């Protein structure tokens, strides 16, 4: 689905144009065209391939979708794949943004994601002195927007983990604790998959030899790179913390098991000792003097009670009850 | 066993030729020969060695088989070993494809695998403009086909893992859960062995200095490389997830053990308390007034019942029963 | 909040100057200006951006705060972010020091931290022969001060760990032991976050090609680098030790559980055996000769006592009691 | 002990020579001498040092023995240390082969190993066209022989592991399972020590700048390197699998423990319930009607039997018995 | 404390000299001075700084002590910090040797260690042809001595581990086993701290560009490097083995726990079954025929004995007792 198709000159919007006019604008010096598609059909992609003369392998990747984040140069064409991540209910949903960047055009195709990029277009149009940098600046603006949207996702996972962390030491509902830890780790893996490869290739967009469209924008791409490093470090250390939490959880459960065993043993003793006393006076010996006493029975009950009081006191002191 | 032996010129099939004519065709400019063998005998290999003038160390490797994936240059000759993987019942079966690529010939020898490559030949013959690139393009087509066949294998292992994952939190049949996790990890190791070294050497077939037959095909080999990176990342993160699942499983079993202990203790209490009451009234004291009451017996049974009802209620509330 | 604003010439303090005079002093040869801000407002930053002609991306980072430690060159400007760490009660509090270094100025902005750097300024002013090196030397002095303050924090975490370590083998209060281990590891992660990236970039301030303001100060920055390596190695090996301690703790708890089980079993036997003896003499057989004996009852009690003495002796010897 | 001492010319054996004639042959062009020693004494080494003019540090290493695999160049002299491994009963025994390679001589000294290299000498003498390559080819032949002998050792360890693996899931004799896993891992560490450093230095014997005696033999040393990579990968993945097996073993033991607990509890219930019934009818109430019934006793026994039958059925169904 | 102060010329000792004469000897060509201090005071260091014109940052480090092993070049001056390790009782004690090496002097300062280096001086003086290499050779001799002293320390830790290993599978005193494993690992960490950084910087003393005083001594420093690699590999694989042993220990304890549970259950059954039989004959039914039999009582006791014999036999066969 075509979202919009706009021509720019000297950093300012010229006009919304029809896609059949693209070729005309591509010919004008100082002018570039930015087309945005959403869940593009095969026909739309074929059309764009013809308009912009895109490399067939890149278009093939965009058609198949489900690519890992990557960057590929085909002559002048820079083909960038970026993953988007949305929190949908309890799950993380992965989408994809494929960006074709040429000297005088940008074609962005977003797939499987509800997140739009109209805000990015609006923001860039408000800064014509920056947009004058051309298609490379649009690439920066799109990548910057995608990376900025990773932070709230990571925050969501972090606060999910923090609530599990509190549960951890309270030892309530251990089954749900471990299940949550498992799924937090899964989500971190998902985040890592989106940000790790992107970190790697963004590092090739500044310093040293860079693709031509990125020339002169090094400080901008370094900024994106910097955000990605921050993301990746947070993800890595959170993964490590989750691993520790899983191990700590196992330890706490072993402690818990021992405590349950102790408590059970204490209660068992509180039943077994009186039962033993009763069984003594259930013996059939001829002369057990106590049996003849008139206060024998209450005395026996009293002995049971006293022994239990004593045991109770001891168990309490030892922390078993 | 010779599968076929075909000469090509300018990207088009010339003819199925006899293997004794290979030399003639090798001499014709713009012409190359593609021979496919299956589970080749020593004689066939010796014959081919002579026809194509192959390096003895490479032929030695092909004769022994069971090589790890690798690439070796012997002057003009490029010797490539690729592993194939098939799902046979519950197991993964490893096969091997040895490819000798020269300036004007390709010799492919597949071993220990049912998977044929006739489809690859057919597909390449349908695209003469690409096949015109010569023997390097055939190498690409074979590697691409092998890599594409890894994906369904990985998918099979992934869905095997997913069914174990569901079992994991249901805590049913823990013995089979852990056994399955172990074998999933084994299969991932097998996959890693096939794809890891291949990833490594494919990276040397594009960019910078490449073997001569791969010249001008960089974008194609980069595409194969890209698929292999995707495979390897999926394998690595699945391995990591399996490790976590093994640890989570241990935790769940410890939780389970504690719960079993608690339930047993609850049932034990439901037997021990009435037994204690009975033993009290089994004492032989002269004057235990209750023993004389006419409703003494039902009262005692009632006391047993009531105490058990109370315990039952408490245990239920505490989640022990 | 402006803390102070001083001009220096040839390593000696010229005067406290008004921030509106900065431009005048920047123009004087051999003169540099050092401004210190604290929790700067947007207006103050904008003012300074104008005075020193700072790059907007760097100022943006300082405004947002919560940056990871990093170094960035914007032409002549060197932008350095350093994390500070304070022990506040049981927690580690992270602050930030942003340093803008130009050929003839230093602007330091500290945020979220109580620690001041007046001492650093005083110390540098006492060594005019070193301060003559200019703004790069001020950068060194600030970084050196920050790194020196990491050591007591690490010492605090180390002694916290050592007290946990003693607790570890005494096996008292395992729940608090594991909780402490978890939080020690968290603090080490925090320390690592502050020192790891700083180590990395400090390595780029000496040897080979360095930013211009650091020229001729290689030995000083190498000294800072060296301290950071020492910190990082201590942190890494302490993390590893904490991991081992967590695993050792689990093992000790399992040992503990077995010992509790044994002790319980021993006490259980001391109750069960006399109960069994009592139940034998509670049988209603017509002719149990012992029942008729006049010393039957004391004999039975004696049998109970003797069997328990024997069991006690055996359990003691086996180390179960 | 001198094993043999032979002079070669143009790839063909000239003669078994006396060690005092070595110097004469070293002077003849196109001629090289190959001396093999076994568990050499200090005198023999000193003699050889003089004959071949070996570097004192290299001879020192050979005298001390117990070196890690390494390669060292001393001017023209290449000093290579290789470890050999033999399966002796249940253990792996480590031996050592020290090889001094000069332009026109090879001195090999084997220590602490029963494995001889006469077969290598015989094989090389059968291929004069290869032996013509001189001392470097002899080095290759010796290294190739050593590496080939690692494979059966690894196979032995692998089949040892496979038999443990079968034991693993049968859960019989867990103590011997874990002990075997531990020793398998030890053996893999031993193998890794022998092959890891060798892999590393073999990579420096082909491609790029190589020691002079290895010139023109790149494809041969690459072949050795390739075998070493295969060995190392197998060792690494087997180590990883052993680690997983250790963890799986712990999980299986926890499962086992829970099952034992359940079975014990079931048997306990089968005793406790009848005991409870008996204790009810052991109460001394005046009017317990059942006590007067003539079928009271068999009825009570029947109640015990029935309750146990019911419990048995329930436990069976739940899989506890 | 000054240990000695000697001037050398052409590899031979000239004379023990007074420290005030150092300057005179430094001026003589072909002459160098070697001063050894022990736990130097601030004054001694200041004196030496002046005599040899040492860099203040290096002297600062020597004054503070507790440095990590490192090497630093200050112009011509090479400043080397080496850690020494002594076994003191059950502990490892870390000392430090600071070496300042100039073109024509060596100043060594040892701190916190009982180990002297007089033997090194004696040995070097016995080999004038080597000592002729000057101050670099003295540096080599000192480093070589320090590294040689690491081996017996590692051997001590290894044999400590081996005695724990034997204890491991005997399962006696698990608490001391795990405690020993923990402390063995601590000691390995200490060793690693001393040898790891030293390995790293020794690699920069030969091959490629080396500090001037090390020129022509490459083979000697490579020898030290080689020993350090051997040490580091042994430490690493021992650490890995200790980790495995910790995990194996946990597994063995779980096995042990299960066995204890089984044994307890068996003994429990041997008490519970006779108690049950006794309780049956403690029932008060009117007509329990056995109660009237004259051999009823011995028969009941016999039944108890027989059932226990049977249980004993079954438990023995199942390996529970």
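Note that the chains take the letters A, B, C, D and E in the order they are written out, and that residue 1 is the start of every chain.
Following the convention adopted for this analysis, contacts are C-beta pairs under 8 Å (C-beta built on N, C-alpha and C of every residue); 3 or more make two chains touch, one makes a residue touch a chain.
Just so it is clear, the structure is predicted and the values come from calculations on it, not from any experiment.
Trainee: Suppose a student superposes the Cα atoms of chain A on chain E; what rotation angle should they report, nearest 5 degrees?
Mentor: Nearest-5 rotation angle for the superposition: 145 degrees.
Trainee: CA centre of chain A versus CA centre of chain B: separation in Å?
Mentor: Result: the chain centres lie 26 Å from each other.
Trainee: Averaging over Cα atoms per chain, report the distance between chain C and chain D in Å.
Mentor: Each chain reduced to its C-alpha mean, chain C and chain D end up 42 Å apart.
Trainee: Among the residues of chain A, pick out those that touch two or more other chains and give their numbers.
Mentor: Those would be 247, 250, 254, 257, 261, 268, 272, 275, 279, 282-284, 288.
Trainee: Make each chain a node and each touching pair an edge, then name the shape: line, ring, star, complete, other.
Mentor: ring
Trainee: Taking the contact definition as given, in what order do you meet the chains if you travel the ring from chain A through chain C?
Mentor: Cycle of chains, anchored at chain A and oriented toward chain C: A, C, E, D, B.
Trainee: Using the touch rule from the top, collect the residues of chain A that touch chain C in their complex.
Mentor: 169, 219-220, 222-223, 226, 229-230, 233, 237, 240-241, 244-245, 247-248, 250-252, 254-255, 257-258, 261-262, 265, 268-269, 272-273, 275-276, 279-280, 282-289
Trainee: Show which residues of chain B lie in contact with chain D when the two form their complex.
Mentor: 55, 57, 67-68, 70, 72, 74, 174-175, 178-179, 181-182, 185-186, 189, 192-193, 197, 243, 246-247, 249-250, 253-254, 256-257, 260-261, 264, 267-268, 271-272, 274-275, 278-279, 281-284, 288, 290-294, 296-297, 300-301
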